[in-house]
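A, B and C are the chain letters, set down in written order, and residue numbers restart from 1 in every chain.
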Amino acid sequence: MSLEIEEFLHTERLPHIWCPGCGNGIVTAAFLRAALDLGLKRESTVVVSGIGCSSRASNYIDLGTVHSIHGRAIAVATGIKMARPNFTVIVLTGDGDGAAIGGNHLIHACRRNIDLTCVLFNNQIYGMTGGQLSPTMEVGGRATTAPHGHVEPPFDLCRLTEAAGASFVARGTAGHIRQLEKLIKKGIAHPGFAFIEAVVPCPTEYGRRNGTANAPRMLDDERTRSISKAKAAGLSRQELAGKIVTGILHEDTTAPEFLQAYTADARAQAEEASAPAAKEQK
Amino acid sequence: MDNRSTSAVLDSVAAMELWHSHLLREKIDQSSLLVQGNRACALGALDAGVRFFAGYPITPSSEIMEAMAYELPRVGGVFVQMEDEIASICACIGASLSGWLGMTATSGPGFSLMQEAIGYAIMVEAPLVIVDVMREGPSTGRVSAPSQGDVMQARWGTHGDHPAIVLAASNVADMYRLTMAAVRFAQRFRTPVTLLADEVVGHMRESFSPELVGRYRLTSGDFDFTPGYVHPDLAREVHPPHILGSEAHPHVTGCTHDETGFPTNDAKKSERFLHELYDKVTNHRDELCLYDVKNEGKGRVCVVAYGSCARSARAAWRLAELEGLPVEVLHLYTLFPLPIEVIQTVARRVEFMLIPELNLGQYAREVRKLAENWTTVISMGKIDGTLITPREILDQVTRLIGKYESV
Amino acid sequence: MNPSANAPQGVRAAGPEETETPRVSARVGLLADRDFVEVRFCGSGGQGLLLMGLILAVAANHDHRCVVQTESYGPEARGGHSRSDVIISDTAIDYPTLDSADLLVALSQEAADGYTRSLRREGILMYDSGKVTNPPSFPGMTIGVPFTRLATEETGRPQTTNVLTLGAVVGITGVVSVESLTKAVMEAVPAGTTEVNARALARGLALDYAEWMVDSC
């Protein structure tokens, strides 16, 4: 298995910077297996990341990789996709990078329904800067900037992106590797903006302050808290508290994709431009 | 007038301008046309081969974006209005990394938002053209009051030591040909180039002599958009570009990196890399520094000016001629890299250098550092949102020369 | 590589050329013989002042003269102040904004009150006497014409006021040729309004200013 994904790994750059027990490697590997299964080509696949622990993934991936600036991965990816519509463009980001500083770009990419795939590693904390609270941290969670317990409610990123117009929305966890891989694969194949939230454990910065720094236990916890969309449908809001609803939560393959709409319009404009006489007569 | 007829009038302003810009593109060598500065900028970009534009509306620059939105799809290009200026410039960077040349236009507040990404573009050597049509600041300021308050932001807006190429337009023809020059410099040196204009230059309409454009038009050979291309004369200085989708499937990072493209913590390597970024620009000052001297060698006072102030300076020089006052005008089209030799050559021969600008002496400080060994440098700043008049400059010149006479 | 071959051609020696440009059409009127003239249109947003400035500037351009047009307006798309300045010259125009107007055309009381001081003493003040009911004191030539009323009478459409006013401006002052003005107006007006605008223009051009002169204060 590991040999297989080495195809798309800069093995000479390993070991990676992630802590023991971190879920980022699991998600990265799930993405790489999805990329291999889909037969993605190096010359037409670009991975864009921002800044943060998860965004470091682009440092180890042997595809076209852009390690951009904090929060702006989706904006850079939009430029790449518009300039090279035949590329497969994947954004790897985190909850701080993608939902706090980059939240605006996230919802607007959803609204445009541009054909990007965004895999957001959600560990509910800023790991790289040393354990500050993130917009997905639940009420009562502890962080260096929430030393007395967090009082703000978190984003439900899947509901947010669906409401914003993403045509594919899914959630998986590092505890369900196979499911996550499938979700990412489906997301990449989906024609439109695909958002996949990957819930990952951060034992070092999150776990230590919130009950357990034991990584296997954190993964187990993710598994026990996970519930499928179908099962969740019958539960009340109270019953759903603390649960992680996983699977494909929203999928609409008929929603118009931004670049296709743009290209069709541009073609019409170009035709009109090349026939000015016809326009004058009008 | 009722609302319906008013909107018809406004529509016809836009329609007329579009009509004129088409005429300009089709009959550029035949007759003189009236063109707005911002539209001329867009035309320059299109003629230079820019095919990617991402922007966000802001007065007084929006007409550039509007023209690009109209024209780009018609010529096989791509336009997108992004959710903010940060997204705009980042999308341009994405396009530049894909082998296109990204361009955006904004004004002070948006330019401030772009600064972090400009640093990234410098670091990853992504060619970009950023047009900043300056308005009074700080903050919202006055949206339709001209200013030159962004000069130092254009030079040092992003953090860290970095090179900067900054041009300044003073008329509609400048908006056309300096945009072309900006494209060329960006592409040659693989770094962002900022073109500064101000509200007056951006919004005014001026007769745009095709003859003039013809003369200053760059030839198509000046632009080579082949992905991965580095001009042979710069092969030793400009790092091979990252082109996504190329065989090399590169890694692009804003971290200080070495020749492999991956981050490095090696002190020597990072120092060398940062110096290389700087040197590729400063070693080519001669090529980059565009300027023009009026009444060369005949002045006791030299008025050093750029942008719309250069027009006031020229008018002041004409008035001075009538009054027999010895005045030179050094009109700078390139503010950075600093035209060191140009300024020092003039400084050696004049008694005073007078720098009128629509800020409190941002560029005068640079000139003073270069020239104070030889001449007296006087800053003439104005921040009331109106242009400096020729008479104001002439009065200052008269005072300086009078003071000299009385000594 | 030769560095001079490298430099953008001619950019170094930039700047407008100072050559006399040929005049094509005859201009007749009070300001027709000026080699440099500054005109300001002012009023409130929505009156079409920007378009008036633009049409006059395009007409001057058709006359093969140098022209700079600038404008200023408040944030309001309707109402608020609005002005459009046109500088026309036989030689290159350096200073781009209006210094002091040779001709001020005011279409609202506020504009007349606010901008009359930008007129030079020997300049000409024109205003819509239906809107400017309390003309500001001005020592020079003052012409008050009920532009809106005349336009409504002529075409039934008050929207043609600006074209009629332009006709009057050019008929009286000759800042541009009638031929060029007509061409510029026809380029600018919306399709389907050519005929009414041509009537408004003709009515404006035919105005006899002596009839509308106001005693200077």
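In the analysis below, contacts are C-beta pairs under 8 Å (C-beta built on N, C-alpha and C of every residue); 3 or more make two chains touch, one makes a residue touch a chain.
Just so it is clear, the model here is predicted, and its values are computed rather than measured.
*Asks:* How many steps does it take, at the fewest, to get from subunit A to subunit C if each step moves to a chain that touches the one before?
*Replies:* So the least number of steps between the two chains is 2.
*Asks:* Which chain has its C-alpha centroid at the greatest distance from the C-alpha centroid of subunit C?
*Replies:* Of all chains, A has its centre farthest from that of subunit C.
*Asks:* Starting from the mean Cα coordinates of subunit A and subunit C, work out the distance between those two points in Å.
*Replies:* Chain centroid spacing, subunit A to subunit C, equals 58 Å.
*Asks:* From the C-alpha centre of subunit A to that of subunit B, how far is it in Å?
*Replies:* The separation of the two C-alpha centroids amounts to 38 Å.
*Asks:* Starting from the mean Cα coordinates of subunit B and subunit C, work out the distance between those two points in Å.
*Replies:* 31
*Asks:* Identify all positions of subunit B at which a residue touches two or more other chains, and write them in rising order.
*Replies:* In subunit B, no residue touches two or more other chains.
*Asks:* Touching residues of subunit B toward subunit C in the complex: what are they?
*Replies:* Contacts found on subunit B: 1, 3, 5-6, 8-13, 16, 19-20, 32-34, 143-144, 171, 173-174, 177-178, 180-181, 184, 200-201, 203-207, 209, 211-212, 215-219, 222, 232-233, 286-287, 290-292, 294, 308, 311-312, 314-315, 318, 331, 333, 386-387, 389-390.
*Asks:* Which of the residues in subunit B end up touching subunit A in this complex?
*Replies:* Where subunit B meets subunit A, its residues are 22, 52, 54, 72-76, 78, 80, 82-84, 86-88, 90-100, 102, 116-117, 120, 244-247, 249-255, 262-263.
*Asks:* Report the residues of subunit C in contact with subunit B in the complex, numbered from low to high.
*Replies:* Going by the criterion above, the answer is residues 1, 3, 6-17, 46-48, 50-51, 54, 57-58, 60-61, 64-73, 75, 77-78, 93-97, 99, 157-159, 161-162, 187-190.
*Asks:* Help me check something: in the complex, which residues belonging to subunit A touch subunit B?
*Replies:* Touch residues, subunit A against subunit B: 10, 13, 42-44, 46, 48, 58-59, 62-69, 72, 75-84, 87, 104-105, 108, 262, 265-266, 269-270, 272-273, 276.
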